[in-house]
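The structure under discussion is supplied below as structure tokens; questions concerning it will follow.
Labels run A, B, C and D following the written order; every chain starts at residue 1.
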Amino acid sequence: MNNDAPRQHFASDNYAGMCPQARHWLLEADATGHQPAYGDDIWTQRVSEGLRHLFQTDCDVYFVFNGTAANSLALASMCQSYHSVICTPQAHIDTDECGGPEFFSNGSKLLTTDPAAPGAALAKLTPDEIERLVTKRSDIHYPKPKVVSITQSTELGTVYSVEEVRAIAAIAKRRQLKVHMDGARFANAVAHLGCHPSEITWRAGVDVLCFGGTKNGIPVGEAVIFFDRTLSEDFAYRVKQAGQLASKMRFISAPWVGMLEGDTWLANARHANEMARRLYHRINSVPGVRVMHEPQANAVFAYLPEPAIKVLQNEKGWKFYDFIAGGGCRLMCAWDTKVESVDAFAADIATVCAALR
Amino acid sequence: MNNDAPRQHFASDNYAGMCPQARHWLLEADATGHQPAYGDDIWTQRVSEGLRHLFQTDCDVYFVFNGTAANSLALASMCQSYHSVICTPQAHIDTDECGGPEFFSNGSKLLTTDPAAPGAALAKLTPDEIERLVTKRSDIHYPKPKVVSITQSTELGTVYSVEEVRAIAAIAKRRQLKVHMDGARFANAVAHLGCHPSEITWRAGVDVLCFGGTKNGIPVGEAVIFFDRTLSEDFAYRVKQAGQLASKMRFISAPWVGMLEGDTWLANARHANEMARRLYHRINSVPGVRVMHEPQANAVFAYLPEPAIKVLQNEKGWKFYDFIAGGGCRLMCAWDTKVESVDAFAADIATVCAALR
Amino acid sequence: MNNDAPRQHFASDNYAGMCPQARHWLLEADATGHQPAYGDDIWTQRVSEGLRHLFQTDCDVYFVFNGTAANSLALASMCQSYHSVICTPQAHIDTDECGGPEFFSNGSKLLTTDPAAPGAALAKLTPDEIERLVTKRSDIHYPKPKVVSITQSTELGTVYSVEEVRAIAAIAKRRQLKVHMDGARFANAVAHLGCHPSEITWRAGVDVLCFGGTKNGIPVGEAVIFFDRTLSEDFAYRVKQAGQLASKMRFISAPWVGMLEGDTWLANARHANEMARRLYHRINSVPGVRVMHEPQANAVFAYLPEPAIKVLQNEKGWKFYDFIAGGGCRLMCAWDTKVESVDAFAADIATVCAALR
Amino acid sequence: MNNDAPRQHFASDNYAGMCPQARHWLLEADATGHQPAYGDDIWTQRVSEGLRHLFQTDCDVYFVFNGTAANSLALASMCQSYHSVICTPQAHIDTDECGGPEFFSNGSKLLTTDPAAPGAALAKLTPDEIERLVTKRSDIHYPKPKVVSITQSTELGTVYSVEEVRAIAAIAKRRQLKVHMDGARFANAVAHLGCHPSEITWRAGVDVLCFGGTKNGIPVGEAVIFFDRTLSEDFAYRVKQAGQLASKMRFISAPWVGMLEGDTWLANARHANEMARRLYHRINSVPGVRVMHEPQANAVFAYLPEPAIKVLQNEKGWKFYDFIAGGGCRLMCAWDTKVESVDAFAADIATVCAALR
């Protein structure tokens, strides 16, 4: 690894900066002096059109500042306070938003599926678990299920297949549930599946997608995409009231021009996925390391010996999370993760684990 | 006016882009590769220290995405749902946040002062009106006043003097009310008064300041500064839950390094104020124009003949608001407003008004 | 006045107890031992049917504990947090619910009409004021008007005519606004107008009526009646979550059997109205007393000399409010107010005023 | 069983009516004509004093309409929206309030303990589980634990001993958590333990008790009792805003006079507990019946053969719940459950089970 370059980390893909294409358009938008505020600018229009083009459908597009807001506002647009949202026990909306969905919806409850159910170990919802939860209670003492929320790619770096999304949406429709997709790492899922983005969204039955930008090279901001446009009635008001309307909107939207141009979003995701696969192959057979499952998106989840974690973090200076997913370490690659960084990290893991045996 | 340069406008100071110093540090922060997320980066720490240094006190500093959130979260930290906030009828929090304060506080009511009270024409709160509202009702059928909120500089481009702020804070303290300052254009107030920023904030009795960055040259983001640190207990959780915690925080905080360095924030505000004064002097004696009051901050409020407004907007291509402040036009200058733009705009106003007579 | 009987007051109609018919059915419902909870009892069914019969339409009926809840939940069922409700400045929902509507709706704003508009002195909304408020702003920085709320009879004891309600509902429909009627004293309005209850509700265009019981002889509870049944979708969940579902519902609903039987509700209201008229005639020509307007419902609003108020309250022991409606005294009659009480009170007013001259 | 008397049921203690003592004072309060509203009446004062006397401490007392409101408002007074409440997976606040706590607190999350933890089978929290949950996460992405909520007696009819409550409160205090007791069946717990009510509340470290009245013979209403009076600051406003302030408060409070007089509350609870014990002894050895645990309060939880449940409900006409507590049947006794009813029910269970073998 080049000693001059700043150290890279595997803690989160939000440790990375802007990708060059996002930066280019950020500066381009800045270079034009005075521009109308609150989204009445040319970049916001252009990117909204671009996303409609990308998804091949006439969807409604809104930009908000981060994933907490994107998911929470999307859910609030589908739920009243006395409704509920079905999700996995690993769902980011349940475990890492500090009650954001409950706050924005004024009390909607998240109903988490059985941690022992099939699919649960891969952080996936299944039609059976949805059916079980939606039919479990029908009295007014329990909040009425209204939405199914799935994370694509999941919190454990796995990816729902097109068929899996379709099956989930089918049971949802049958039970009058809306389908929300937390796509903080949507690009990584598409990159893995090699499908068209429409195939795992509206063509499969997804009503609202929160399309993550930040983790894929955008400085600040996520897109909320309503495929079911009846759900976005007055959503602009909701965004404004909730403190999510940027006055200088161009700085949120323009970077997306760079993401869409030449499918940068997909290239970035492919690269991150590849780096995760490389890391996986480098550490999978290291004695002492137990990878939880083969990575599909941009993260490897692995059990490392406790002392190895300490040495890697404290002596070797690597940053990564060791508290997510039940004891395993989350080793996350970003759009800019270098081969050299992966190799250096993998080498340190091997060395440290060997020294401990 | 140079025909090559993009047209400038007088609609809002949020039509302007980033100032060079903000942009410089945004790019600087980007150039360093992987950095810890959620504020554990060097720029966020540096700017927080810088703001404590600027205000000469050990205040708590938080960054959020926009003014709606800054004001609403600050008020929510001081109010329970059954409390109320005293403000003017022109207060931005009452008229232009789409119910944001009520949403974030889960129902706190804004009590607006009498539009006919002294000071009201200049969008200023007075101790007498505060006293009147706080003593008007004391039964539990009316939400208990808990906060006084003042906007500095005001929504009408006026500025509270140091003495005025002190007098407001004094009555507030006597009535056990907290003092919130909506400082979307705080810099313009300091520039006008020529005082130290501490003099119109904590030294005068202000508990929380929402220090605006966006309107003064920052791309995205405002600072919430708690001078009364007992009010910021667990505020980080509040920010997170409310969708206001940036993962790539450095892109929100680093531009502030450029604002603080060499007092760019003050220079930007001084320039904008000067441009407003220049505009005022150019149009004040134009027949048909009636300026509402001499500008103190960066906006001129003036009545223009209805047909003149139409010609200026539709034929001459100038953008400015004509619905704010009871029929007057708001002509707002920014950190980057050029002398040539002011002069060209003033000339067009004069020409159009003359043609209509 | 019989010295043995407890003193009656003119402070509020909620100072009165249960009427005999309500009490009879309360005890009747109690006498039957075990009964299903949460409304699955025969009285709740019977009263709901009775109200549908009374209004001659297939409306949805819910019982809640008090008027704050009835109005707030009804409004919340029509508004999202970023919507707004048009009402008068005297509206009880704005002045006396401690922010209840804002709390239950999570932030909906109340837009009050101009206190100087025609009709305002009688606490009435007018189509012109509705039109003005609904067309005033259409940008997303201001909460979108969604509901018109009128109080029938009003907070000043006046009554909207059938034509007035129709005209309000007509402009509301044209502007896609729902119509809510705060009917805490609905019975008094019907008694005054001599119309069928349907004529000033659904036949005139009212979507939801909060039909007050407590002020008319019920011990605890109000009925929320949805004429537009699309608005009551999942309302039972809303009621439950908001802590308004009585487990022993029969004690809330059964007293209404007594109210409906033989039109007790109307007889009670007629009596209260008559007592107010009697009081009005007794004090109208008393020197020093200035009645604000001829009473239509069950309250007289009058200006009394300040010293007379003190003597009447402190020395003569009469309770009445002197802070409602801008300085006037509110003299409220109840279903059980006796002729002797009215005459004794009027006599004291006359005596005290005379002594002061 | 006397054929003339109405059939009694074992579905819930809220199927029962008022006890004679509650009814007596309800009527007494009604008989006095006009009385001040909103709690300024003599019964409310008397009962508040009575509760302070009963608990032997200067606590703050409020009356609300039902248990959803009592628990939700009590929790909201201790939590901000970004805080969390630790409770068992069986906690009524989590499973049967339709998201009430989340609604009233605007988003506070309930953290449920491990269903497989020791104590969990008896619906009891343990210090170890509290310690585990409170130390599990300390980052701002997870709502900060602020309250421990225990139900006494529990949702499974078990009772925390004095020592158990003390141990829970001790760990809570050490972790800066407040202690809330859902006492919907508090009386039954005291009756079982034979202790003084103060021993399992404030003397053990409980901060707020929701003292249930409805399930113990009151028609409508629960008492919220703040032993830590700093927590009840402005609670009267909270109650008002949340639609829980009765205008004719005497009808909520006066029945409590009857409950306190001669310790009716305790006698009622003792009787209900005894009936549950009687039922337990009658069915415990019936082949096919498996009682989950010996009852301590007023409910027996037992597994009955599925066909037996159907016959007992559909053919024999008994009402009881079969969906609570993981498949078991909840057989609940009330203050008025008769020996004859218990014996008739037990006999039917025996007969039906025998017929099925």
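Structural remarks
We take it that a contact is a pair of C-beta atoms (placed from the backbone, for glycine too) under 8 Å apart; a residue touches a chain by one contact, two chains touch by 3 or more.
Protein identities per chain, from UniProt: A, B, C, D = L-threonine aldolase.
Since this is a predicted model, take the numbers as computed values, not measurements.
Each step here moves to a touching chain, and the least such steps from subunit A to subunit C number 1.
At the interface between subunit B and subunit D, over half of the residue numbers involved are used by both copies, so each side presents largely the same positions. Averaged C-alpha coordinates give centres for subunit A and subunit B that are 34 Å from one another. If each chain is reduced to the centroid of its CA atoms, subunit B and subunit D end up 51 Å from each other. Remark: subunit A and subunit D have CA centroids separated by 42 Å (rounded to whole angstrom).
Residue positions of subunit B touching 2 or more other chains: 81-82, 97-100, 103-104, 106-107, 140-141, 143, 237, 240-241, 245. Across the complex, subunit D is touched by residues 5-9, 11-12, 14-18, 23, 27, 29-37, 64-69, 72-73, 97-100, 103-104, 106, 214-215, 219-220, 237, 240-248, 251-252, 319, 334, 336 of subunit C. On the subunit B side of its complex with subunit D, the touching residues are 38, 80-83, 106-107, 140-141, 143-144, 234, 236-241, 245. Here subunit C touches subunit B in the complex through residues 81-82, 84, 95-100, 102-104, 106-109, 137, 140-143, 323, going by the rule given at the top.
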